[in-house]
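Next up: some structures, all given as C-alpha cells.
The same chain A turns up in both complexes below, where it pairs with chain B and then with chain C.
Our next item is the complex of A and B:
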C-alpha cells in the first residue's frame, strides 16, 4: 500500500481506475474498492474527485463509503486486522480474540499501531461461521482462533 | 423492489381497476394504487411517518403496516401495490401491536423532552404517540448522541431527535436536486450527514430549509435570531426597524389559529408594533424598488444586446444553488440585491439620514418566509452602508414565537398600517410571494416602460400556478418576449439544463428555490404542504387585487425615493446600494 502522493499523481491514478469501469452502469462501488485496495483507505479528496468524475453527489459517495465496514475513511496500517463481531463468532469467543489482539498489538479497536503496521477493526460477518471465531488480515481469513493461534498468525506479519 | 413493482403495475394496468377488501369492505381502486392510497381513498386512516406526499415511498418506519391475507408478515402500506382480490386488515390486534412496538422502538432512541423542543405541538412523532396511545416505552437501551450542528447560518440539526425517516434526504434530492445530505454509516450507527461527514455549513446545502418542512420531528429547525432581536428591542441606544416579506401576511395567522390563506396584513403590523419595533416597513416597498432596478436592467439588456436570458436574483437559496451548480450562468443572473437587502440598504442610508440616526445605531430586522435569508443577510457583499444591510432575519415561525412569548394573540389585533415612507407598496409587489410573481410584476412595468402604453390586462395567468416550469410569450409591441418560471430547484435544474443545452431561448427567467415560491419557504409555519401553499397563493393574488395601484413604477413613494435620493434607476448610487455580485463555489 502506498501513501497518498502529490495531488496530480493521485488523480491520474484514480483516472486509471475510473477508466476501467467507464462502461459500468453504476461503477461507484467497484471504483471505491479499487481505490481502497490501492491506498488501504478512501482518501477524502479522492472521494471528492470520484464523485465529481462519476457525477454522483458526494453525500452519496460518503454514504457508500461509511456503509460498508470494509471501507475505511481514515488512513490505516500496512496490515488491516478485522475481527468478526457477528453472533456465531461472538458466541465462540470473539471477545477474547479481540482482547488478545488488543493486548498483543498494544492498540484498541479502531487504532493503528505506532509503527504503522497494524490497524485493528471489528467487522460484520466474514461468512466463515463454520470456523468461528474468525478474523482477516488484509485479504486472508484465519479461523478457529485461540490465543496461541492468534500469536502464530501475527508472527507471520512481524 | 416494491417501488419497481408499483411502477410496472402502473404501466400495465393504468386504466384498470382492482377490487380489494379493506377491513371486510369491498372497494375498487385504480390498479396502480399502493395499499396506502387505496386506504386513503376509502377513508381509512393509516398512520405514517416516513411517508410524505410528493416523495418516493420509502417503507422505512414500518408505522403504516397492515395485515394482508395469505402473507406471513405485515406489509408496509406505503410501498405495497394493490392486487386484485387483496384482503387487508388495517387495525387487527397484530397490526395495532406492531405499529405500537415500532413506534416505541423509535421513541426508545429519542429524547422524551417535548417541552424543550421547538416543535412541541407541531411534531408528527408526538402526534403519533398520542394517536396510537403510547403510555410507556417497553424498550430501554443505548441512545445515539450527536453534537447539535449549528455550523449553517440557516438550518440547525439536532440529530438526537432524528428518527432516520429520510424525508429530508428525499426532499433535498428529489424536490431540490441539491443532494447535500444522505445516510451515513449503518444500523444503529446510521445518521444523516453531508458529504465527508462535514458540518452542514461546509456543504453544498443552499439553506432553503425545505428539509425543515419535511422533518416530522424537531431534528431540523432554523438557526434562531429571536434572542438577538429581543436584545435589540431592549437596547435604548438602538433604533430597531423591521420589515415583513410579501409572504408573511398570508401565513402568520396560521400559528394563531386563523384559517389557512387568511390575509392578516393589518393585524400583523399591529401585533409586531406591540413588540416594540420603532418602525415597521414593508418588504413590498423594496419589491417595487427591485422591479424598477431589475426591469431597467432587463430593458437595457434587451435593447442594447446584453447577456440574455436575464434570471431573477430574489431567492438566496437559488443564488447559492447557481454559485455551486451553474456558475456559467452567473452573468445571466440579475445583479439586483433581493428586496430584503434593498430595504436594509435604503433604511441604513436614505432613512437614517432622514431621521438623523447613524447607520451603526440602526438595527434592521426582517421577518421572512425563508431560512436562506439568514444566510443572505450575512454575506460579505451585503453591507452598502458599511454595516450589514439587514442584521437579523426571523422566520415566520420565530415571529410567531416572539408574539406568543409576549402574550400577543395576532387574531385579536386591530388593523394598523405600515410606517411611512417605506411601507407603501403596490399589488405588483404583493405577488412577489408566489411563484411567477416576480415575473408578473416585472412584465407589468417592462411592458409599459418599453411601449409607453398602458397594459391592457394586468394578470399574466400563464406564469401563475403550481406547474413546475411555466412559459409565456408576451407581445411587447411587436417584440415577442419569451419568459419562463420555475419553482423548486429540481424544476429549475430541468429548465436551466434546456437553456444550457441551447434547446430553448428565453429573454427572462424567474427562479424561486422553494415549491410555490416564498409562500412555501423553509421559514413558513408548520405544516406547509401543497394544499396550504395553494391557499396562501390564492391569498397573495387577493392582496394584489385589493390595491388601487398594481404596477411598481406607479408607486409614489418609489418615485420620490429616486427623486430625493437615488437618482436614476441603475444609476451610480442605485448600483452602489442596490446591486451585488456573486462567486463561484465548489460543486461538492
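Our next item is the complex of A and C:
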C-alpha cells in the first residue's frame, strides 16, 4: 500500500481515475471505489479533490464515504478480513469463526493488527451460505470454515 | 486426438472409500474390450457437492449422470450407452449436468425440480456467448424487436410473472407504467444487490448465465423505450461482476447491444454499477440513490420508480431472477408459463437452503411446493436428525415459518395469508438446539447494523430491541420486557419510513407469539433451556 501524505499526494493518479468515468453522469461511487482499491481507504485530501473535480459538495462525498461499509476513511490493514455474521452462518458456528480469528490475529473486531497486515470486520451476508460459515479476505471468499481451515487461510497471507 | 465422449468419474477420498477406484478400473477395461479406447476418454473429477451419491459417472456431451455406480453396473453402461448410444434410464440421476460450483447440489429425488431461470446454469460455458446463443439465447430479443412495445409487455403481463426480489409486484404492470410514463429518457435497472441473508440465487444466475440477464434487460429496454440499462451488483460478488462485464462486452462485440440492434431501430447499452456494502441498497429507491452517487437512503414513495426513478426519469427496476424469467416467457408464451406453479402464482422459484439442513444449496421448483418437501425431500432433513425450530424465509425481513406451517404451499399469495412471506426464497433453517432469543437477536442485530438512520423508529427501535434481547440473554431481563418488545415492534411496523424498518420487527413479533414460553422463561426464570445464553447468576438487585 502506498503511503498517502497530504501535500505529497500525486493527484495525477486520481485524475486518471476521474478520466475513466468522465462520460458517466454520476460517477462518485465508482470513483471512490477505485480510490479505495488503490489506497485501501479514502484519504481525506483525495475526497476533497474528487469533490472539487466532480463539482459535488464535499459533504456528499463524505456522506457517501461514511455510509457504505466497504469504504474506510482511516488506513486499514493490507488484508481486510470480513466475517459473515448472518443467520445462516450464525447457526453453523460463525461465533467460533470470529473467536478463532480474534485469537489467531490477536485483534478485536474493527481493529488492525500491529504489523498493519490484517483488519478484522464482521459483515452481513456474503451470499455463500451454501458453504457456511464463510469469510472474505479482500476479494476472495472462503467457506466451510473450521479452526484448522482458518489457520490455513491465514497462512496464505502471512 | 478427438474423443467422441468423455466419462468423468468422481475420485475423492469419499468416493474411493465407496469403490470408485474399482469402478474406474472396470470402466477402462470394458471400454477397451468394446474397442472404444480411441473414442471414449475417462477422466477423473472432483466432488459435485453434497447430495450426489458417490461415486458418480458423468457422461459428456450427453450430460447424463449415473450415481451411485457399482462395479456390476459398469458393463451395462458401457455396452448400452457408450457403445449403442442408449442411456440406461434406470441408472440415470438427471438428464442435465449439474453446475460444478461450490454449494451446488443435486438432491436425489429430482422429480420436483423445474428449471426455467436456471435453464442454462451448469450446462453452458457462461463466458461464451456462442454457448448461450446455441441454447436459443437472444432469440427472445429478436422476437420482441418484431413486435410493438405493448405486444411485448402484454406477454409478460399475461404470464402472471411477479417480482422475485421479495415484494411480488406484477412485472408486466411495472413495465407498462414505465412505458406509458411521459418523457423521452427512460432507464432499465437490474437489482443485483442481493443482500438478504441466506440468498445466493442471483449470484448463481449472474455467474452461471449472465447473458440471460443482459438479454432480458435489452428486452425490457425495448419494451419501455429505454436506451440505457444499469445493473447494480453488490461489491461482495466480484465474480459476478466479472462474469457480467464479459457478457456485456461480448454482446456489444456481437452487435446484440449497441446501436441498431439486429437491424431494428433500437439502441441499448448496459452498464455495471457496483455496490459498496450496504444492505439497504437492495431497496429500489435506495439503489437508485446509490447509482446517483449518494448515500443509499430510501426515497419517499410515491412517486414510484416507473414515474420518477433514476435521475428523476421513468425507470423499470427488476430483480435478477425476475429478469431471467423474461426471455423464456417471450419465447414460449404466457400460457406455457401459467402452466407452471399455482394458478394464482405461476412460474418457478429458486430456493436457497441454508442453516441446519443436511444439504445446503439451491433448487428451482414450481411455486406451491411445501416447506416439508423442501426441507425433507430436497434438503435431506435437519442435520443430526434434530427437529426444525423455525425457518426464516427470504432473510430476516421476509417471513418466519414455524413447524405448524410445514404443509403450507410456498407462493407469494398463500404465505401472505399465513402472515408470512416468501421473500427472496432463502430458507434459513434453525434446529432445536438454538435458543430463540439468540436467533432473533441475530436478526435484529442485522437490522441495527443495516438501518440507514434516516428515520427514528428504525434507527432507535432496532437499537432498543437488541438491548432488551441482550439483557434477556444475560439473565437481566425485566418484567414487562416482552410487552415493551411488542410495543416497539408495533410502532416500527407502522411508522418506519421504508420497507426495512417496517419489516425489521417481523421475526421478533412472530417468534414472540409462537415461542412465548421460551421468551418468558428467559425473563422470569432467567433460564435458557438450550443453554446458549450465558445467563450470569441472578443478582438480588437487577436494576443495573
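FYI, the second predicted complex is superposed on the first by the 153 of 158 C-alpha atoms of A that agree within 3 Å, B and C clash if a C-alpha of one lies under 4 Å from a C-alpha of the other, contacts with A are read in each partner's own complex, and residues count from 1 in each chain.
Simple rule for what comes next: a contact is a pair of C-beta atoms (placed from the backbone, for glycine too) under 8 Å apart; a residue touches a chain by one contact, two chains touch by 3 or more.
Just so we're clear, the structure is a prediction, and the values are computed from it rather than from any experiment.
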Practice problem: Tell me which partner A:67 touches in the superposition: chain B (first), chain C (second), both or neither. | Solution: both
Counting residues of chain A touched by each of chain B and chain C, the higher count belongs to C
For A:44, using the defined touch cut-off, is the partner it touches chain B, chain C, both, or neither? Pick first, second, both or neither. first
Check whether A:53 is in contact with chain B, with chain C, with both or with neither, and answer first, second, both or neither. neither
Chain A contact set shared between chain B and chain C covers 60, 63, 67-69
Residue positions on chain B within touch of chain A in the complex are 173, 179-186, 193-197, 203, 587-588
Chain C contacts chain A in the complex at 49, 102-105, 194-200, 202-203, 234-238, 271, 273-279, 290-297, 311, 352, 354-356, 360-362, 392, 395-396, 426, 428-431, 434, 439, 442-443, 445-446, 449-450, 452
Residue set of chain A touching chain B in the complex reads 44, 47-48, 51-52, 57-63, 66-69, 73
Given the complex, residues on chain A that touch chain C span 24-30, 32-33, 56, 60, 63-64, 67-71, 85-88, 90-92, 123-132, 136, 139, 141, 143
